[in-house]
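Each structure below is given as structure tokens.
Two complexes are shown next, each including chain A; its partner changes from chain B in the first to chain C in the second.
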Partner chain A sequence: MPSLRFQHGMVAPLAALFVGVVGFPLGYAAYLSVTDYKLTDRGAPNLVGADNYVAAFSDGAFWGAFGTTALYVLVAVGLELVIGLAIALALQKQRWAKDLTRSMLLAPMFITPIAVGLTFRFLLNDQLGAIPAMLDAIGVEYDFFGPGRALFTLAFIDVWQWTPFMVLLLLAGLESIPKEPLDAARLDGASGLYVLRRITLPLLAPVLVVAILLRCLDAMKVFEYVFATTRGGPGTETETLQYFIYQTGIQFFRLGSASSMAFIVLVVVLAVIVIAFRRMERTKSR
Partner chain B sequence: MTRSSVVTVLRVTLLWAAGISVLFPIVWIALASLKTPEQLNDPFLIAFTPNFASWQNVLSSGILGAAGRSALVALVTVGISVVVGSMGAYAIARYRAGGTLTRFGMLAAQVLPPAVLVFPFLTMAYALRLTDTLIPVIFSHLSFVLPVVTWFLIGFFEAVPRSLEEQAQVDGLTRFTAFRLVVLPQVYPGIGAAAIFGFTLSWNDLFYGLILAPGKAAILPVAIAGFNTFRGVQIGSMSAAILIAVVPVVIASFFIQRKLVQGISGGAVKF
Partner chain C sequence: MRITQWPTSGRRSGRPGTAFSAVMALVAVLALVLTGCAGSGGPEQAEATGTGEVSTDVSGTVRILMENVPDTDIVKSMVADFNKEYPGVEINIESLTFDQMRDKLVSSFQSSSPTYDLIVVDNPWMVDFANAKFLQPLDARIDSTPDYDAADFFKPLTDITTVDGARYGVPFYNYALGYLYNADDLAAANQQVPTTLDELVSTSKALKSGDRAGIAMQPQRGYKIFEEWGNWLFAAGGSIYDADGKITLNTPEAKRALKAYIDTYNTAAPANSLSWGMDEAQRSVSANQAASMINYNWQLPALNEPGSGPAAGKIKLATIPGGKQVLGSWSWAIPANSATPDAAWAFVSWITAKPNDVVRTEKGGAAIRQSTLQDPAVLGGQFGEEYYRTVEQLLANAAPLTQGPSGEEMIQAVGTELNEAVAGKKSVDDALAAAQAEAEKIQG
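Coming up: the complex of A and B.
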């Protein structure tokens, strides 16, 4: 069948390249995760079986990084959802300078994250930064990178950069909602808040779920802000997963254990996705 | 005041607050890049004679070379992704080629933590004596740009009516020529958006670049991070370097915002 040959010919380069840049490295990472390979080693690494996994599971610092990352994702994505929804609702009604407003408000999500991290490190610096200076002027002293605060500062940086992503998706969702139920509710004299809670949000639910999921998956990978500002400190308060694995692999050269940790993260991520999709299917079928 | 005007006031206030929050750090960095080191100690200083020492310092520090390398990596990555991705995306969208596995693979690859793939890339680069060159960086960037670009394009191809190719084949074109001459032009705007988005993804990546080429072949984000670590924070120069990295992608982003939603959702949501 010529059609079959055509479609296979078209998809073959993609499949081959995909296996080369994702499939093979993934398999290789699986192999690395069961060896004691160190970057400084000469010769073939030894197979150690599940040792790395056992070690990672009993490593308190690794689970600490898990908790830190979870808290970070929860705070950042939660704020992004609330602020993003408010801005999307406001932008939807905006008529004056519509395109310019949207372009400007969406700009942060395109900026290099390391540049955002360094900018805020400078902006929030307690000697040179504008924001601590302003707070100082009204008599408030606040160390943004101090103990108990640094992680929230990082989450705040995430909010600055990624709320626009939420806005982009939610705005698109809002504009694709049918107008009739909204108009009908207004005619019946329903209040704005009632319309939002009972009509807009339920209709927006599928987009909300996708937006939250995409943001959570991306926020989990946070590395640049930590690298630019706190380097995991004070203490180990801001050691996120990606940063912890980076340190294990690059600073301590333990590629084997770093790979096993990365795989544990991957499994957790996949579990979260599967649960989220199950939930979505269930709400759909109801 | 009526209820609706209260809502309007709230709405406009929110948008102004959001606009100021977005602009403030960027304007602040632009000002800092024009200050002398002494002036940097005064955060409230707004009116001053611009000083271009930081810019001269940055431009002579090899940042332009790093920007060139970043552009090269991004262009090669996006070029390969667009050619290979558009062919594959078309086959997937039209013929379900490769079954759900290929389609799922494109989506699944986007959730892979970079920490999983980076060590294999590093080990391979080590074995092939390619560390601190751009080749492993390009391969690693393909691992996330290729799936995203393909995912975008599947959605765009699905929106092209089937009758177009059927007509082209009646007119005697082969399947591939019909794809190239009839279908492809229909999705040029989508390809453009996917290419620009892929470019910004590659241009903005620090993680792979930092691990695979931290030295003489450093790409722009790695070079910018260097202002922080090696020479203490040279704030003026760092600010200028940040602006060099920010300006091209922010300009590019203006052109693709409408298409972006359609792409991210795989064509499911249109703007």
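Coming up: the complex of A and C.
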């Protein structure tokens, strides 16, 4: 069957690339996760079976970091969605200087996250920063990196930097929505809120799911803001998964343990993605 | 997992036997490759060191990995003079930020082909790197280098380079902490330089006026708070390890030190500074927003440099109350897989030799040798005799935060507990008990 062989031949470069770029690091990490490998070890490490996974599952600090990250993602992406949707709806109505406002709005996205983290570290500094000074002028004192607040401050930094991304996706989605149902609803006398709830948002649903998913995946990787500002403090309040795994694997040299944690995160994230897409497919088929 | 599934997924080839064999072969090859990947690099045992008497005819390229700090720039500025004596040695310095440097260092050790021929090692890494045999023992070289006088290095610095009786490095520069204060503020508040823990607390409170803090502190979780609080612990008469090397963080002295630290943070430090580290504290003092801080001794010249801020020229350095301070240090070390260890030692022994150490220190490099701090050229130089006399006292009585394996992890664990106590999330007793337990678990 020459045609079948040809088809396999055509897919071979992609398969090779996949094995090399994704498969090998993944396979290597899977292998490390069942060893006691430390970066300061010499020679081949010992296989320890599921010991690292058992240790990670029973490690309160790991699950604490999981919870911290989940809360961070929820707050950051939730705010980005609401603010992003509002801005996108407003921008859709804009008549002039569209290109200028859109390019200005996207500017935060082009700054590297570590620079954003360092900038906010000093902008929010109570003694040296501009924002606390302005708040002080109106009689407000707020400890941005204090207990109970630091995680929300980090989420706010995420909102500042990544809301434009949400705007970009939602705006593209809004502009691709067919105009006819909207015009028909308006002719029938539907209010703006009704049109938004019953027509715009349902038609925008596929874009919304993708936008939320992309932002959630990205927000889960938060590392730079933590590294530049709180280093996981106060206590362990801002110890996110990436920072926790970085400390375990790189700072403390325990790469075997860190790989097992990374794999647990991978499985959880994959499960969430699969569930999200299945739900989307089900909604579409209805 | 995905690799093994790949050949069987997609369309069937109609020849299951072949596909199965291919999968098994792929699994076998991968297993071999993966097993061979981890920790395969470098020699199993660190090579015995050569002689310290390296001929000036030696040739080769010495690739050095260093931290991106002013001391590295000073070393770079001296390479031309080194090449006048050793024309055949090419010095190639790569400088990176601290975190990038550690990551690159560890990966370079794992490589079978050498990446760096000479490195600098931070003190918490020394025991781990030496135990892993990443570094060459340098005793033979140090002892056979003519006119080297290794006993002239400050002992707390050489103690850090010594692991199980063998020396794996020579000092590059010190990170000893000291008490930095604004002399005008101290005089205005009618205060003396504190010499006890109680005086440190009362002076810090007395120095606070309005929005200006009495002392800029560094309670940031992890390394910074432990590094700063360690000085308070010493001032309270406590220690991190006892004479037998056992951890002593849950003691009455430690409790007194932590209570005093929290009291001072709540009453004399800048408001809302729980995440502050070295940069914020330095900027606060430099901007005249805080009257004192505990920080690295070598920050004094930068703080007093004309034009650096409104506090320039007013800052002075003193020992930590009680006389003992926390010490950090960087040391020169030769990796076990160095391609040019002789040329590397030629450079290390040259830059740390007495006459060249004087030049390096005159240029602003941090002190490592006792004799250098007696040299008239240094004492009469840009930073003044008073500064160097204090540095001499700092280095005479100083101890690092960690002296065992997994130093970095121990520091982070203790620093997290201390930060929890300052944030009010744990009591002093609970935090210190947890710090003791964590440190014992990590360092055995």
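The working rule: the second predicted complex is superposed on the first by the 269 of 286 C-alpha atoms of A that agree within 3 Å, B and C clash if a C-alpha of one lies under 4 Å from a C-alpha of the other, contacts with A are read in each partner's own complex, and residues count from 1 in each chain.
Methods note: a contact is a pair of C-beta atoms (placed from the backbone, for glycine too) under 8 Å apart; a residue touches a chain by one contact, two chains touch by 3 or more.
In this text, all values refer to a predicted model and were calculated from it rather than measured experimentally.
Annotation for the three-chain superposition on chain A: chain B and chain C clash. When both complexes are overlaid on chain A, the residue A:Arg102 reaches chain B alone and has no touch with chain C. Contacts of A:Leu151 after superposition: neither chain B nor chain C is touched. In the superposed model, A:Val73 makes contact with neither chain B nor chain C. Measured by the number of chain A residues touched, the leading partner among chain B and chain C is B.
When the two complexes are overlaid on their common chain A, residue A:Ile212 makes contact with neither chain B nor chain C. Residue contacts after overlaying the shared chain place A:Thr35 against chain C, while chain B stays out of touching range.
Shared-chain residue A:Ala44: touches chain C; no touch with chain B. After overlaying the two complexes on the shared chain, residue contacts for A:Glu141 are found with chain C alone; chain B is out of touch.
Of the two partner chains, chain B is the only one touched by A:Ala172; chain C is not. Of the two partner chains placed by superposition, only chain B is touched by A:Met220; chain C is not.
In the overlay built on chain A, none of the stretches 77-85, 95-103, 185-193 or 347-355 of chain C clash with chain B except 95-103. Overlap of the chain B and chain C contact sets on chain A: residues 7-8, 11, 15, 18, 22, 24, 26, 28, 32, 37, 39, 121, 127-128, 250. Those residues of chain A lying in contact with chain B across their complex are 2-3, 6-8, 10-11, 13-15, 17-18, 20-22, 24-26, 28-29, 32, 37, 39, 83, 86-87, 89-91, 93-94, 101-115, 118-123, 127-130, 133, 160, 168-169, 171-173, 175-176, 192, 207, 210, 214, 217, 220-221, 223-224, 227-228, 241-242, 245-246, 249-250, 255, 258-259, 261-263, 265-266, 269-270, 273. By the touch rule above, chain C contacts chain A in their complex via residues 1-3, 6, 10-11, 13-14, 30-31, 34-40, 42, 44, 102-103, 106, 110, 128-129, 131-134, 211, 213, 220-222, 224, 270-276, 280, 283-284, 287, 289-290, 406, 408-409, 412, 416, 419-420, 422-426. Chain A meets chain C in the complex at residues 1, 4, 7-8, 11, 15, 18-19, 22-24, 26-28, 30-32, 35, 37, 39-45, 121, 125-128, 132, 141-147, 150, 229-236, 247, 250-253.
Those residues of chain B whose C-beta lies close enough to touch chain A in the complex are 3, 7, 11-12, 14-15, 18-19, 21-23, 25-26, 28-29, 32, 40-41, 43-44, 80, 84-85, 87-92, 94-95, 97-98, 102, 105-106, 109-124, 126, 139-140, 142-143, 146-147, 150, 175-176, 179, 200, 203-204, 206-207, 210-211, 220-221, 224-225, 227-228, 233, 235, 238-239, 242, 245-246, 249-250, 252-254, 257, 260-261, 264-265, 269-271.
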